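Note that subunit A is present in both complexes that follow, paired respectively with subunit B and with subunit C.
For the complex of A and B:
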């Protein structure tokens, strides 16, 4: 019995001694002190050195997207390290292209903070947060589209640029065994920061849309994160053409709210396409925007009007309607939101009418 | 020759034996996992091999000290498995810390392989053989170093062969680990040819 105790004691003390040595070594050798990280040349944060850049930034509430949680296997957590990143590690090279290596792009989970760093990350990541919200209202827009209103509970407000999107967490439910995130454009008034409206069109057998349409009830708590995305109004005064179909309506509603609030007088023509008259929505709200914005026109287009539905406006494909209205688009900017097929077709029409490719902005629904 | 001189001579002989006739990888097939996974290109193989030489030499010596100075006097020889593993892990951790701090260049080439080595059974195996074969302290130095170099030699040869294999047509079912194990077997046969060179 005493043998066993003594054995355990001795082995434990050897292990403890070694551990102590390592702790002391870490204290003196791996002590990098306080390090300053300069982000985008405008913001400084101070962190304790010695840990990976990714976790140092997360502690400062700057969320770099990462799928593997910092193990260096997903290659998502890329940031540009201007100064102080040290040598590129063999663990990073498989995930970086030659251009990225030349541009000092690194995997933030592999770069260790040993000294002061200067890094660059997309501006929008400063604002990305996880939010909890409550479903406040569900409104039918068409037979297969609904508008969901979410009131943010924690944090209580989101700063976003009209045109951006959020990722909604779809929980497990009967028929879906894993949590997934799905991206939806924000369609609410950006001034009302505590409310996020999403326009969602039902996708047959879609995981998240099925949940939204069949399981989500008024009053339910949801989680979402964001905002993300580069789709937004340019800062020019050029006249604009908007083209959307289905739930591609969403970002434009938010953009129009913003234009109305800022008294934007840019010329804008909004073509909204649907198969039948049943696919059109928000006609009243669009009329309201037309009244408030003197240079805004809403053009609904129905590709297959049915006998007796009384449709007298534009018919045919939305791209044909654009061609009928405009002969030249060289001075214009194009904004597209919807299915990839529609976007590609519309972009083709825009360029054929003389619009430069770099003036076409789009948000493709994958 | 007498005393220390003889010990040193024995160390040299043991070192060569560990490299060629008793190559730890090709005669006992220890350390196969990193051997098959990191032998895809010569550069990585050298990095891992050098790390193994370094760690193997030092941990074998440290483990000799721990065994004969701590375990034997306390009659705890049976505890060597656990103690050796702990010492190897602590040593690797320590080395990684030092390299990381003082030599970024070395860390870049060697650093990522160090954690891999902690669980390399060739390292533990060498320490255990050192005990079984009752090597003296000086012989242990030669044995640890020789085993490491032997492992380096084997993985380097394998990486060279596999780089050439990239251009040859290997039957689909054998690609990757399959052909690697067959090559390892052939290399082991080739190393049998060294038998008798040293005794």
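For the complex of A and C:
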């Protein structure tokens, strides 16, 4: 018995000693000191070395999009590291294409700041801020889509371009032990800078959508950051075709608000596809935009109307409805938001009707 | 069976909500390797393997995608399939290359009303790892049911 106790004591002491050694080693040997990060060859920041690049940038209020909060599971936090990033890690390669690897693209959550670095990030990220907000309203749009209205509390206003998105922080909740960020397009009127509306469709077993639909209540405080994204109207006067399905409606609502407020007279035909009538939403709001914008037409398309629905408008696939309405689309611009499948199919239709590929703009769900 | 540190890390990842709400193991108390072996045995009894089943699921997925959310006939009408797509991506808990669209395929045999659902990630997990997810997991594919509906 005494022998056992002595053995336990010795092993515990060794373990404690090793732990102490590790703490000391981390403090002195793994202390990388101050490191300089040069961003886009023009802006220098100084950070304490030793932490992931993603966190180091976040502490400096430079927000790189991330869906997993830096756990290395989403592959979203890509930045170009021109110098100082060290070797590419096996935890990064699953998320990078060969072209990205050749172009020095890295996952910022996996790159540790151990020395000076030179990185490149999109300029728009300098406008990204972290916000606290209050859930002001939750509106049912369909059986699986809701519109969430968030009033910004700090800062109180967000400047964004219609078409951009924010990242909403989903907290831990019963059944979910991880905080995650999820990206949602802003659907509110950009003139109302203190409000962010998000149209969210429930994803079966989705981490964030489950929280939104089952736990988030009016009055709750939330965190989000943004704005992000390059999806937006061009600055031309070319006529446009919009195509969306489901929550792909979101950026177009913001864009239409913007067009109305700026008296934008560009021709725009918006095809919104749903499988059944119950998948359609915001029909009344779209009618309002049609009244306010003389050259805007909303075309809802139901792919499988049911007996007794009384549906008399467009049916079938949304791409078929585009082909019925347009014989030629050269001179038009295309704007697409939705699933990769829908976007690929719609883009194919556009180009077959003469629309140049570089005039097709999209916000793919994936 | 004793698990290596890597195996333990994998098991923790599969049970956590890091990638999907509720994880991949449901309320299954077996280890991931026990789940894989048991499901492989079920397939062997039916004379198929995971690769064959995954290939069949992949073919039906491609057929379903053409419908853009509407039903598409397969197998000359003996089956119909539909694809529902959602915003976001999924990654493999084993940490493999690439990501997977959030797509749910529903396959139905109109004659019997039997249905089976799966995601792109399910197909990868079955094909690359023989993993059908744990019992009680929202997206577990029951091997016997899958064989009955998709292959027999």
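Just so we're on the same page, the second predicted complex is superposed on the first by the 245 of 366 C-alpha atoms of A that agree within 3 Å, B and C clash if a C-alpha of one lies under 4 Å from a C-alpha of the other, contacts with A are read in each partner's own complex, and residues count from 1 in each chain.
In this text, a residue touches a chain if its C-beta (ideal position, glycine included) is under 8 Å from a C-beta of that chain, and two chains touch if they have at least 3 such contacts.
In this text the structure is predicted, and so the values were computed from the model without any measurement.
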item	value
First, second, both or neither for A:218, with subunit B first and subunit C second	neither
Partner chain(s) touched by A:340 [first = subunit B, second = subunit C, both, neither]	second
Broader residue contact with subunit A after superposition on the shared chain, subunit B or subunit C	C
Contacts of A:21 with subunit B and subunit C, given as first, second, both or neither	first
Which superposed partner A:91 touches (first subunit B, second subunit C, both, neither)	both
Partner chain(s) touched by A:275 [first = subunit B, second = subunit C, both, neither]	second
First (subunit B), second (subunit C), both or neither touched by A:182	second
First, second, both or neither for A:75, with subunit B first and subunit C second	second
Subunit B versus subunit C as contact partner of A:261, first or second or both or neither	neither
Overlap of subunit C and subunit B interfaces on subunit A (superposed complexes)	91
Residues on subunit A engaged by subunit B in the complex (per definition of touch)	7, 10-11, 14-15, 18-19, 21-22, 25-26, 29-30, 86-91, 112, 114
Subunit A-facing residues of subunit C, complex	16-22, 65, 67-71, 83, 85-89, 91-92, 95-99, 101-104, 138-139
Subunit A partner contacts - residues on subunit B that touch it in the complex	44, 47, 66, 70, 74, 76, 79, 82-83, 86-87, 90, 93-94, 97-98, 100-101, 104-105, 107-109, 111-112
Residues of subunit A touching subunit C in the complex	67-68, 71, 73-75, 91, 93-95, 175-178, 182-184, 201, 203-207, 210, 245-247, 273, 275, 303-304, 317-319, 338-342, 345, 365-366
